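Below: a set of structures, written as structure tokens.
One chain, chain A, appears in both complexes that follow, with chain B as partner in the first and chain C in the second.
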Partner chain A sequence: MTNAIEIKRLRKEYKGFTLEDATFDVPEGYIMGLIGPNGAGKTTIIKLIMNLIRRDGGEVRLFGLDNLRHEPEVKARIGFVYDVPRFHEDVPLGVIASAIAPFYVKWDASLFRRLLEEFELGPKTMFKKLSHGQKMKFSLALALAHDADLILMDEPTAGLDPVFRFELLERLRSIIQNERKTVLFSSHITTDLERVADHITFIHEGRIVFSEAKDDILETWGVVKAGPDVLQPADVPESRGVKRTDYGIEILTSDVAAARDALGGRAVYDKATLEDIMFYMSRGNGHA
Partner chain B sequence: MLKLVRLEFLLSRRVLLTTFILFSAVFVYLACWSDSPNQFIGFVSLVTGLAIPVTFEGREDRFRTSVLLCSLPARRSDIVRAKYTMTWAVMAGALVYALLIAALPFSKIPLAQVINPKGLLLLVFFLSFFFAFQLPLTTRFGFKGIMIGLVGLQVLGVLGFVFVDLFGGKRNPLRVVFLAVEKFFRTIVRLEPTAGNLLLLGAAIVALNAGSFLVARALYARRDL
Partner chain C sequence: MKIIISNASPDPIYEQVTRQIKGQIISGDLKEGDPLPSIRKLAQDLQISVITTKRAYEELQKEGFIDAVEGKGSYVAMQNKELLREKKMKLVEEKMSEAVEEARLLGITLPELREMLTLLFKEKD
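And now, the complex of A and B:
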């Protein structure tokens, strides 16, 4: 399996935040969801991939090429959707597109027009007249119109209405099903990723906690629940986070089968959702 | 690089038109008001050399479109090269336009004293001088760059007063610098238009632009977006 993205020991330091040696791969033809609470480092990783910020260490390879040494070549194969689309406000959409089109050899003007029609956007409309959702649609139309091999999206569903969120996710799924494209999609809305992602990378406080196939995560991770004095976190194999309530204790484990073997009927076992994992590891006294 | 110039042009067409209208008013006023070739050269180069970079780079800052530019398949050095090319193209257009207005019947400007090798080189030199300081700052910091430039001048002024207070007028170390700069400009304006001097002036223009470009390129490469 070839990788569309290979990230090794990627490092970026800010005052009060450090992305520490992030390492993960995104296989070609898959959707990778990058999850984590706000401020975890998702945008930093995407900006480093796009060389929008300077890295302090590590390596990013896209389609086997270094993203700095081969910057124009790799960027020509990326469709980038930023969390807040930025274009010249006083310029019509058609003019923005015609200014951007020559940068991409595979730009398909008829596909772009079709997408604009589908998204109910007029080429003569000024960018400033668009709502946030419409701006996102325009940004997505630009990203898709040049037949990009890799779609990079930073929080694309944040602030969108449920209908367009659903449409966007369906479109991402159809891109992957019909063609050999790769998507890296950051979000803190975990249900979106549960719906479409094949792999999940979880980042917390600048550190990659795990990067695994989504089905494996949902299969193996679980929440162990028991009465107040029945269990301690140390009793649960592969314990990753704890929440204490008035009624008992809830412990997140990355191996629910092992927990069941070890504890038997002393506890009840639920499958963990991505939201559970994010919550327990970031708020529930997580310990990786 | 041409694609980037085209992009800058397409996305700034509207502001180009506005600038053209504003410059028309300014240049017509200047042509009616002044009969000094030096005033014409100084004013046109000051207005054009400061207003054009600020107008274009200010838009990028205002709309925060650096992210768009830097996510395109291009190197940052090419982006800066395109900014310089585009800005110079517009400034050259503005200079030609100013000269055309100065040639109109109502103009008091003695055009023959401007349209000659020395006059034109002086115009381009002063234009480069203002532009060379402004564009790297604006490229790197946007509107803040303009403020940095202005505040820098203010600080220099305050330092001047402090030094006068401390050392008196004549022994003021800043005075030496100011006098040297003034002398430099006077020498350039009074330069004999010999082939050697004109060549030197041309070399100074190239050096100013090259230096400015290299600084802007280095600053832009370090910019985190």
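And now, the complex of A and C:
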């Protein structure tokens, strides 16, 4: 399998936050979701991929090429959609597009006009008149019109209403109808990713916890539930997080089949959603 | 082709896809040589991951229900008549065991169940 993105031991240090040697691949032809609570390091990774901030260590390869040494070349193949797209406020959309177009060899003006129509955006509309959702659409139209091989999006669904979120996810799925195209998007809205992503990379406090096929994660992880004083986290194989109440205990495990074998009828076993995984992992195994 | 994905089902999604396609091949709704949608198209239409549909098709291929032709797509495979009959028998068995389970829950005895079955069978004659 070819990888659109290869990230090795990527490191970035801020005061109070370190992205610790992140390593994962994004295979070509699929949708990868980058999930994690706010402040986990999602945006840092995306900015490092785009070389918008200086890295402190490690390596990023895009389409097999180093992202610093081949910066113009690889960037021409990326469609980057910001969480808050910014362009000049008092300029019509069509003018913004004509200013951007010369930077891309593969700019397709007629495709761009079609996309604007499809997204119900007028080329004469001023950028400042757009709603947040429309700004996202405009930004996506720009990315698609230059036939990007990699669509990179930071929290694209945040602040959007469900109808447009659904449309956007649909659009992502249609992008990868072409198996040479790849999508990486970050989100803390895990239901979006559960719906659309092929692979999930989970980042927590600056560390990559896992990067796997979504189906495998949803099949192997689970939540073990039992009454109070019946189980301790240590009794559960591969326990990854715990929640206690007066009525019982809930333990997240990354191997629910092993837990079932070990504990049998002493507990009940639920599937874990991505949201469960994010929630329990952020609580850890402590006595919270 | 008809496929319904339930998010509430305890079965993994790829299994739901394989089971339903299999069912339609066994019932004859899908016939030998019928083309199946591409892996990516099916994923888009069902709003599931490409990896899921890929896995479903791989399972179907392994069990001999479909053939994949490089660069062309997937087709319903030629079905061995005897094998098909065997598979159909298995389907009947599965449905009957479901009925037995339900009957047990309701406290229906074997003679009662037998009588129900006889009546149903005659009705269709």
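The definition used in the following text is that the second predicted complex is superposed on the first by the 280 of 288 C-alpha atoms of A that agree within 3 Å, B and C clash if a C-alpha of one lies under 4 Å from a C-alpha of the other, contacts with A are read in each partner's own complex, and residues count from 1 in each chain.
In this text, a contact is a pair of C-beta atoms (placed from the backbone, for glycine too) under 8 Å apart; a residue touches a chain by one contact, two chains touch by 3 or more.
Fair warning: this is a prediction, and the values are worked out from it, not measured in the lab.
> On the A-aligned overlay, A:Ser174 touches which partner chain: chain B = first, chain C = second, or both, or neither?
A:Ser174 sits against chain C, while chain B stays out of touch.
> Does chain C touch more residues of chain A than chain B does, or is it the other way round?
The partner that reaches more residues of chain A in the superposed model: B.
> Applying the touch criterion given at the start, work out whether A:Arg86 contacts chain B, chain C, both or neither, answering first, second, both or neither.
Only chain B; A:Arg86 stays clear of chain C.
> With both complexes superposed on chain A, which partner does A:Glu219 reach: first (chain B), second (chain C), both or neither?
After superposition on chain A, A:Glu219 lies in contact with chain C alone.
> Does the superposition put A:Arg195 against chain B (first), chain C (second), both, or neither?
In the superposed model, A:Arg195 contacts chain C only, not chain B.
> Which partner chains sit in contact with A:Arg54 here, chain B, chain C, both or neither? Use first/second/both/neither.
first
> Now for A:Phe138: first (chain B), second (chain C), both, or neither, which partner does it touch?
In the superposition, A:Phe138 contacts neither chain B nor chain C.
> Could you give the residue numbers on chain A that contact chain B in one complex and chain C in the other?
The answer is that chain A has no such residue.
> Quick one: which bits of chain B touch chain A in the complex? Just the residue numbers, please.
Listed in rising order, the residues are 3, 6-7, 10-14, 59, 63-65, 67-68, 70-75, 222, 224-225.
> Which residues, counting only chain A, touch chain C once they are in their complex?
Within the complex, chain A contacts chain C at residues 29-31, 170, 173-174, 176-177, 179, 195-199, 213-215, 218-219, 271.
> Which chain A residues qualify as touching chain B in the complex?
These residues of chain A touch chain B: 47, 50-54, 71-73, 75-76, 78, 80, 82, 86-91, 95-96, 98-100, 102-104.
> Could you pull out which chain C residues touch chain A in their complex?
10, 12-14, 40-41, 43-44, 47, 49-52, 55
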